[in-house]
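In order of appearance the chains are A, B, C and D, and numbering begins at 1 in each one.
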Amino acid sequence: MRLSIHSRLRYEVRSPTTFIFAVQVAGAPGDMILAEEISLPEGVAADFLVESQGPNRLVRFLAQPGLIEVAYRAEVDKQPLPAAPGNLPAMSIRDLPPAVLPYLLPSRYCQSDRLPDLAQREFGHLPAGLAQAQAVSDWIAAEVAYRAGASDGGTSAIDTLLDRAGVCRDFAHLGVALCRALDMPARLASGYAWKLQPPDFHAVFQVYLGDAWMTFDATRLAPLDGFVQIAAGRDAADVPFASFFGDAMMLTMQVEVAQAPALTHEAA
Amino acid sequence: MRLSIHSRLRYEVRSPTTFIFAVQVAGAPGDMILAEEISLPEGVAADFLVESQGPNRLVRFLAQPGLIEVAYRAEVDKQPLPAAPGNLPAMSIRDLPPAVLPYLLPSRYCQSDRLPDLAQREFGHLPAGLAQAQAVSDWIAAEVAYRAGASDGGTSAIDTLLDRAGVCRDFAHLGVALCRALDMPARLASGYAWKLQPPDFHAVFQVYLGDAWMTFDATRLAPLDGFVQIAAGRDAADVPFASFFGDAMMLTMQVEVAQAPALTHEAA
Amino acid sequence: MRLSIHSRLRYEVRSPTTFIFAVQVAGAPGDMILAEEISLPEGVAADFLVESQGPNRLVRFLAQPGLIEVAYRAEVDKQPLPAAPGNLPAMSIRDLPPAVLPYLLPSRYCQSDRLPDLAQREFGHLPAGLAQAQAVSDWIAAEVAYRAGASDGGTSAIDTLLDRAGVCRDFAHLGVALCRALDMPARLASGYAWKLQPPDFHAVFQVYLGDAWMTFDATRLAPLDGFVQIAAGRDAADVPFASFFGDAMMLTMQVEVAQAPALTHEAA
Amino acid sequence: MRLSIHSRLRYEVRSPTTFIFAVQVAGAPGDMILAEEISLPEGVAADFLVESQGPNRLVRFLAQPGLIEVAYRAEVDKQPLPAAPGNLPAMSIRDLPPAVLPYLLPSRYCQSDRLPDLAQREFGHLPAGLAQAQAVSDWIAAEVAYRAGASDGGTSAIDTLLDRAGVCRDFAHLGVALCRALDMPARLASGYAWKLQPPDFHAVFQVYLGDAWMTFDATRLAPLDGFVQIAAGRDAADVPFASFFGDAMMLTMQVEVAQAPALTHEAA
């Protein structure tokens, strides 16, 4: 399936401000970037960085006071997801690549160190691995209500466990925290999501199974085969679509994801 | 100065358990490893890993039930610290290497996102950079009492700010959190410390200034020029000297750091 | 000074809902109620209760679906505050009346049990009693910024200590928590405040000194001799101006406090 | 059933210290005090206070440096508990006595304001009242493990909900918090418990149903008809068996509860 992605962010800048944007598609396994274009404010000297988590693509620049806009367009060919395996055992800690080890650890918004007993009580009877990860996702879908405005930037997995309400990043944080509490490496991924209503950046959680990151979306708001990854990290603190250091304010944000017509030669 | 380092950890293992140890000296700038030796339980097949933070050296193996011991010895030539610069301005976010960016973010035990107003009130009048980092360290030394048993593994920088008491990891967490709240990249480093009483693993905080990690020890318990780094990370969650997955229990821990006699040819 | 007080609260009620209002002037020492009138929704059977903290006057009734309004008017003769004593020592716990003892204890939003070390470091050098209570109030006034929207109903004294920003209830909570941490009984009082801008219900903190509750307002937003007490309790959880159990929503709230002309015979 | 109760507390006092003890049996409904005796340190002038919550009986005195001991003995005739009613609906907030209203509110260790959604999800399908309160107690018994040392004096109901482990005060806090989140007045009661192993002071939770406080013990460690109430309050902060203000340290604590032989005339 081909997806056309478009995002546009506008800011009022009041003092010289350094911005870091993570809006570019990562090119995660199965996501082939056919074309992309990013348009930056005139005159800025931008760095295009790759940060090793994910790995994540970042654009960084210093903006002078005034109105600025960052717009991004991409065409992505999204491969069909492989058929879900019947089961997939949890990987032994013994066999995890070193780069995956930090995703076993608690992080700012995913305090997995507080949850081992609860996780064992809810999920300990299931086979370690895919069965547990899927059960975590199903449990969150059943127990937490999606409610815009139920949370804010400081809300953590523990808050969501108590409040039983949140938005996509809260669902993802809780998934990450519970999987880590079960000794499975887990992380949060941000991305574009086809059919997400209202359109917005999206967040899901990923569990390291079968030597790859497998994606879960406990919100059930958009099909997984229309999710295109931007960035991944320990939790939402690591993967903001934009962060800035200075005096600025976001004015508008616009996200569009549409199915693009198949190319002629694809039909041939 | 030459330092002889020795550590020894003993565990009772009750079920097959994967251990990850971070006890080897990192070879941080200024720390030259002259010799080292690690002794592992007989028969284990160990992986020697390098994790990119730090970078940190990890030893991982699967242990069968029984008593196990990991012992480490190293001879390190510790270069004198460079004279402290008069001042060093904070680096612009614009100029930070990508690998340093995550150290601006809040982490499990360093909730810097909660502290920007407090940090500005206490330190905002000082020049951004070394002056602020030094003032943070001095402030913690003055305001927080070193008290064994005042905290536990779940204690965070915010807890320590309230309790006004803690141990080395708590002092380091608070330093990290306050420096990040001032938009300076900061991390926690574990290590061996000459003259630390009672002997133990130690923790300090590091701030990225002048394109390098500069070390601060708000506990004032050991001289900085006798600190030999093992591992660095976002906070203590990242740099345990040992973690394990299975049913095991630490029996004893022993740490020794002594000044070694200068080699003859050094005297020559 | 005579004050004319007027408040008006309107709600949309969607299911049978029990309301409890605390809007009536308490008649605290120095506040003489010359006249008052409360108007309730037509047809409700109201209980006028006195709850022993404070003591607080409550009005409780069951409302049927529809629009309801509760309006209150009072004329109060406010005696000039006695001249502040030079000093007033803290009362010995030995001499406190039993009804005052609970105000030594931590409560939902005033976690004084977390703050004894911090309180001793900041205020321990001062004479216990009025000097400390006054210093607590001055410290909050200097260190915390009044900022509408900086907090919400779940914000506690510890949050405010970290955030260094809040509204009147946050200033009061922090005052209560710090005074209790110094072993002085302290409580929160709600009330009407002359000259408060914008007009609203107000909250202050009170410390039990010289066998009476002495009022402090760290916000400095309104003169203490124009504060007319409604209710007192351990913290804001105890003294909402309105609480309800059912499906309802507040539509508007209006508060007015004006100086009333002196009566002719007063002038005589 | 007749119970012989004995408790003995010893302290080392290092500076003049005010103590407040709550060790005397309350004489709650169904508990008839046949005889009691309290022995205080020689020479102290004690106040015997009644605090309105509960109501609770307190003994307060100022102790001089040295070793002190407070010993208490009572014989209590414990009436059999009435047969549990089939059901008992929750009381309307409209009908609650004013003195009960504060027990609807969140308190230091029972943050019921955080739990309404979770409580509705778990217990909302049951009839409000006894059925819900009983289900709360059963749920805690099933979901939380009794584990000495799993908690400390700062542990709250929310901590216990996450940790899934605790001691009697933690079980009681969670019961209180969940019942309040369901809009039922709830409190914590301390007491002596027959057959509790190891012998200690005990804590249970009480829910106001049918115009009386009904007791629940989610720990299942001792029979309810052997529980003799000492004090009741919003949570454990309100009902310590001892608190003191000064420099002192508890040395030993001893509690014994035994069945006493029936009096001859009872058998007649």
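The working rule: a residue touches a chain if its C-beta (ideal position, glycine included) is under 8 Å from a C-beta of that chain, and two chains touch if they have at least 3 such contacts.
Quantities reported herein were computed from a predicted structural model and do not represent experimental measurements.
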Field: Selected pair, greater C-beta contact count between C-D and B-C
entry: C-D
Task: Please work out the Cα centroid separation of chain B and chain D, and write it as a whole number of Å.
output: 45
Task: Would you mind pulling out the distance in Å between where the CA atoms of chain C average out and where those of chain D do?
output: 30
Centroid spacing, where centroids are CA-atom means, of chain B and chain C in whole angstrom: 47
Task: Give me the residues of chain C that touch two or more other chains.
output: 114
- request: Between the chains shown, work out who touches whom and classify the graph as line, ring, star, complete or other.
  value: ring
Message: Can you give me every chain pair that touches, using the contact definition above?
response: A-B, A-D, B-C, C-D
Footprint of chain D on chain A - complex, ascending: 114-115, 117-118, 121, 143, 145, 158, 161-165
- prompt: Once bound in the complex, which stretches of chain B touch chain A?
  reply: 18, 20, 47, 49-53, 58, 60-62, 92-94, 98-99, 101-102, 105-108, 111, 113-114, 153-154, 183, 233-234, 237-238, 245
